[in-house]
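Each of the next two complexes has chain A plus one other chain: chain B in the first, chain C in the second.
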Partner chain A sequence: MHGPPPPVFGMNIGRVLGVWVAALFALWSLAPFLWQVQTSLRPDEYLARLPPLLPPRPTLAHYRAVLADPTFLRLVVNSLGVGAATTLASLLAGGFAAFALAQLPARGKGLVLGLTLSVSMLPAVALLAPLFLLVRALGLRDSWAALVLTHTTFTLPLTLWTLTHFFKEIPRELFHAARVDGLSAWQTFWSIHLPLSKGGIAACAILNFIFSWNEFLMALTFTTTDASRTVPVGVALFQGLHETPFGDIAAASVLVCLPVILLACLFQRGIVAGLTQGAVKG
Partner chain B sequence: MAKIEVRGLGKAFARNSVLSGLELTIEDGEFFCLVGPSGCGKTTLLNLIAGLEEASVGEIFFDGRPVGALGPRERDVAMVFQNYALYPHKTVRENIAFPLLVRGLPKDEIRSRVERMAELMGLSQALESRPAQLSGGQQQRVALGRALVRQPRVFLMDEPLSNLDAKLRAQMRMELKKLHQDFPVTTLYVTHDQEEAMSLSDRMVILKGGAPQQVGTPMEVYENPANLFVGQFIGKPPMNTLEAVVEGSGLRIGSQLWPLPDSMKAALPSRVTVGLRPEHILLEAYAGEGICGRLELIEPMGAETWAELSLGQERLLCRIQGKTGLALKSQVRLRFEPGAFYFFDAQGRRISRPAS
Partner chain C sequence: MRRSTATLWLGPALLLIAATAVFPIVVTFWMSLHRRFPIFGVNEYVGLANYVHLAQNPRFLRSAAVTLSFTLVSVAVEFALGLACALALRRDFRGHRWILAVLLIPWIVPTTVSARIWEWIYNGNFGLLNYLLLRLGVIAEPVVWTADVRLVLPAAMLAEIWKTTPFMTLLLLAGLKSIPQPLYRAAAVDGAGAWTTFLHVTWPQLKPMALVALLFRSLDSIRVFDVVYVLTGGGPAGSTETLSVFAYKKLFQSLEFGYGSAVGIAVLLLSAAVSALFLLCMGRLRPSSA
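What follows is the complex of A and B.
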């Protein structure tokens, strides 16, 4: 006899286990951030005390202090500027290169892609010293340009690879149709390839911006004053004369994380789709 | 409109030669088909004429002027692609208007020309839709409209009907023919379907492995194939071929001797390939005389019937008007229309029929 299938306990156990593992993983990842959040809300006298685990009288004093500090605002402006310029530079350079690699006749395409990928595997630490010498020789120390230039070298490979993939998805016939309709290759790039790759370009832009916003090592090495220092470096260097203002640092860290978290939440689906999906459907 | 001349054209990709030493002349206003099996270089030739690819050697002339140095825009060609290549992010209106917009025509004129074209193509209701919302046939019409709207010198079509279902394809084929009668723009049409080429062309070229096999009107090519390849490629069902030895009073095919007039036999080498079109074979019940075969298969098509015969090892396909009236598996006698025999030598070249 064929009755209804027996409930599959194995699957339910698997699902429950999955949720628990995911929750544990999230807790593990989020713990430092949550710790920062609670630290930023502690009044000064409780900063170095444990228990209590949670601040007994949460305060926004640290946030007020940080936001009132002109130095912090200067850092934010630096970070925004460097991030935006990095994103733009890497999208432009990566976009043009990817278009050429995907659609135009050229030799050694595979070599170019392979080299950029291998370059991107070098750890930043290994490149720091030569890059420092280069930046100094160009007279770019303590400038946005130094950071934009170095950040772009690190964001470019991923951008190039992603956009090449996207442009390759655009059928060759479409490129031909545009050429026959009277467009130059350059115009085809702007009026066909860019609009059809919006998703991938947006994903690249966000990833580039987040990289630049979070980047610490180069920002620390190439900057010397608040004129070009970015937020992560600036916050790490928040130092009083006689004490370390842990509360302010925590508040600043939380503030710095907010735009990144916001971007990730808003565009999470877009980023995943952008990186995996084709450009042209149907 | 333009007359197109192709002189000594060759194209190689890496070490792979796709076309070589091609010579063609396409008259002003002609509907000219490039037909051949896939990989014969017909799309490459189209791309070369469009200026989408550069020739390795040779030159193309429009109205006597070389166009090799010109890009697709300067050549003023329009093209319809196999997959339509509509801009997915643009509406039908924007798609059709695009070539005009690129050329900087005034807005009012673009609007009126697009709307006139949409009406001609039966797309007036769909102007604000995007390509993905349209049926295959409608997308095809948009692609045609986009190509026709700017009145190009040359119209290039790369298998434009091959993605449509059979019924729609036949319908669009007629519409294309009508369109060309109304707008007699020089048209180059690539297809692998000989039926399409036959029904549409003023003239056509049959290509094989990048080399032209024959140029002519559909009837010339059908009635007078230059070689075995053309003979078998043109016509449906395809031409039958039989290996024959010339002997005494006729041809030895399998175990039978087919009688042949001496005048015909004189021009033949000792071994020939005989080409027989299915529609040139007549069947009747076998009464102990003449060439005999066995009826193996009957396919009724309605107005005609396709019948397969076996003659020893050989198989022959016949195309008979109406019904056969013959029993399956019975012995039948073969008769032939006058001039039914085509002879080809060992290299597949046509042995021309002596004047009778």
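What follows is the complex of A and C.
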């Protein structure tokens, strides 16, 4: 697609250097995480000892302890539920809006896109108190709904921008032909626009889920018990390391990273495209 | 599509944004003009008194300084690292895909988890950092990184840099890949060396994307909360208390909704000022890059 990349530092030296620098960055990115992995495998008697660098007798005891803990499982279920609902809500609301924006005349469109873009730049802390009062007034404290509502606000802009871009690529003739064939706008949306934008939808879905899975400030503010507390809050509220076995925290944190790391490996291209698209087009 | 139908399609999104973003901002500003303690039932209009008090509050001024230096240093280092990494990744090689996936890991793990990872690495007694530095002879005795007021802010910055450099890398990489190839061929024909080519082809072409990446990261960094709150809680002695952490404590620990809202508005104004600055730079670029 881009043709052969140009020489940067002269042919071969540049190529070799590039590979080494990239590998070095990969190592730097991976090392702290791997350190956490080995911590999670350390038997208790080696946790408070360094050296040895690697545990001589790795154990899965911490993983067993964490997986047998109903609180941990409850937090994971909460995070999965909130993440899935946020993704769905943001795709629906964002998809509907993008459908209208892709067909609207330029003036009103710019206004809506500009508004959503500025929303994505708002510091959450400037919204927190009124949102807290709103959540309480609606009787949603300590519920999934409170988190879905507030997370969707922050995932909506990216979804709306990306899907508008994808919908605009769909030829207008296709839309008009469908209308002539008697399909309503509603049917066109479901049978033409959504299926033709699978790539964009997948990228948005992954990024929305990751945002929600990782979000901390609002989850901390709106939850009070394990009924709705999410994984990041659980990880943050673990007792300090002198009271709590750090091996369990390490095992838990490795476990909660697995879903998103799996997503990163499987859908790496979609994630990169989704992340950069907004920036390139905007 | 008729306007009335368009409104229907836009409805859910606009309603959500109105209810959970626009309306709250207005309310936050309104509350910032009040002395408001919900638990005592206190709520009186005080005008700009909260802001006047903020301007004289050393704790606020320090947290503003912490936030600004945190942002300046982290974003600058991330940019340098991200650019180096993006330049290294612009050509395809075997394993390119895997390296990209690995680079995504820090950015993709929950920030509270990465804060825990670094907390353990910084541990004074059995942390990896002390172990390595002792072995290399850089330090003579173990350092408690998160308890030393001079070291704790750089330690938090490092955790932030580790986490967010991938984002910078990806945006810059996308920018590099969109540079038209003929420009490089022309530069090669003119006999331009690597540095000259970078300076006169790559950098001017990359600039718009670089500004976007810097803007996104600066705005993110100005509102930084998670990494600091989990790693240090803002301490020791407030030495890592950023504006967002300060606002959160005022709002939900001392329940001063008016005063905390004023701090929230201050973060908002700072973000707006930084955005305006960047938009100004981008506007000046427009004629040459459009």
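Basically, the second predicted complex is superposed on the first by the 252 of 282 C-alpha atoms of A that agree within 3 Å, B and C clash if a C-alpha of one lies under 4 Å from a C-alpha of the other, contacts with A are read in each partner's own complex, and residues count from 1 in each chain.
Convention: contacts are C-beta pairs under 8 Å (C-beta built on N, C-alpha and C of every residue); 3 or more make two chains touch, one makes a residue touch a chain.
Computed from a prediction, not measured in an experiment: that's the story for all the values here.
Bringing the complexes onto one copy of chain A puts chain B beside chain C with no clash. Here the apex is the CA centre of chain A, and the angle it makes with the centres of chain B and chain C after alignment on chain A is 100°, in steps of 10. Applying the stated contact rule after C-alpha superposition, one finds that A:192 touches chain B and leaves chain C untouched.
Greater residue coverage of chain A by touch, when chain B is weighed against chain C, goes to C.
Look at A:236: by the touch rule set out above, it reaches chain C but stays clear of chain B. Touch criterion met: A:214 reaches chain C, while chain B stays clear of it. Applying the stated contact rule after C-alpha superposition, one finds that A:181 touches chain B and leaves chain C untouched. In the superposition on chain A, A:22 contacts chain C only, with no contact to chain B. Of the two partner chains, neither chain B nor chain C is touched by A:144. Between chain B and chain C, the shortest distance over C-alpha atoms in the superposed arrangement works out to 8 Å. Looking at chain A, you'll find residues 280, 282 touch chain B in one structure and chain C in the other. Chain contact summary for the complex, chain B toward chain A: residues 47, 50-52, 71-73, 77-79, 81-83, 85-89, 98-99, 102-103, 131-132, 146, 156.
By the touch criterion given at the top, residues 1, 5-7, 9-14, 16-17, 19-25, 27-28, 31, 81, 84-85, 87-93, 96-106, 108-121, 123, 125-128, 131, 162, 165-167, 169-171, 173-175, 177-178, 181, 184-185, 188, 194, 197-198, 209, 212-213, 216, 219, 222-223, 225-226, 229-230, 243-244, 247-248, 251-252, 257, 260-261, 263-265, 267-268, 271, 275 of chain C touch chain A in their complex.
Remark: chain A residues 2-10, 14-15, 17-23, 25-26, 28-30, 32-33, 35-36, 39, 47-51, 53, 92-94, 96-97, 99-101, 103-104, 108, 112, 115-116, 119, 121-134, 149-150, 152-153, 156, 160, 185, 210, 213-214, 216-217, 221, 231-233, 235-236, 238, 241, 246, 249-250, 253, 256-257, 260-261, 263-265, 268, 271-272, 275-276, 279-280, 282 touch chain C in the complex. Put simply, chain A touches chain B in their complex at residues 171, 173-174, 176-184, 187, 192, 195-196, 280-282.
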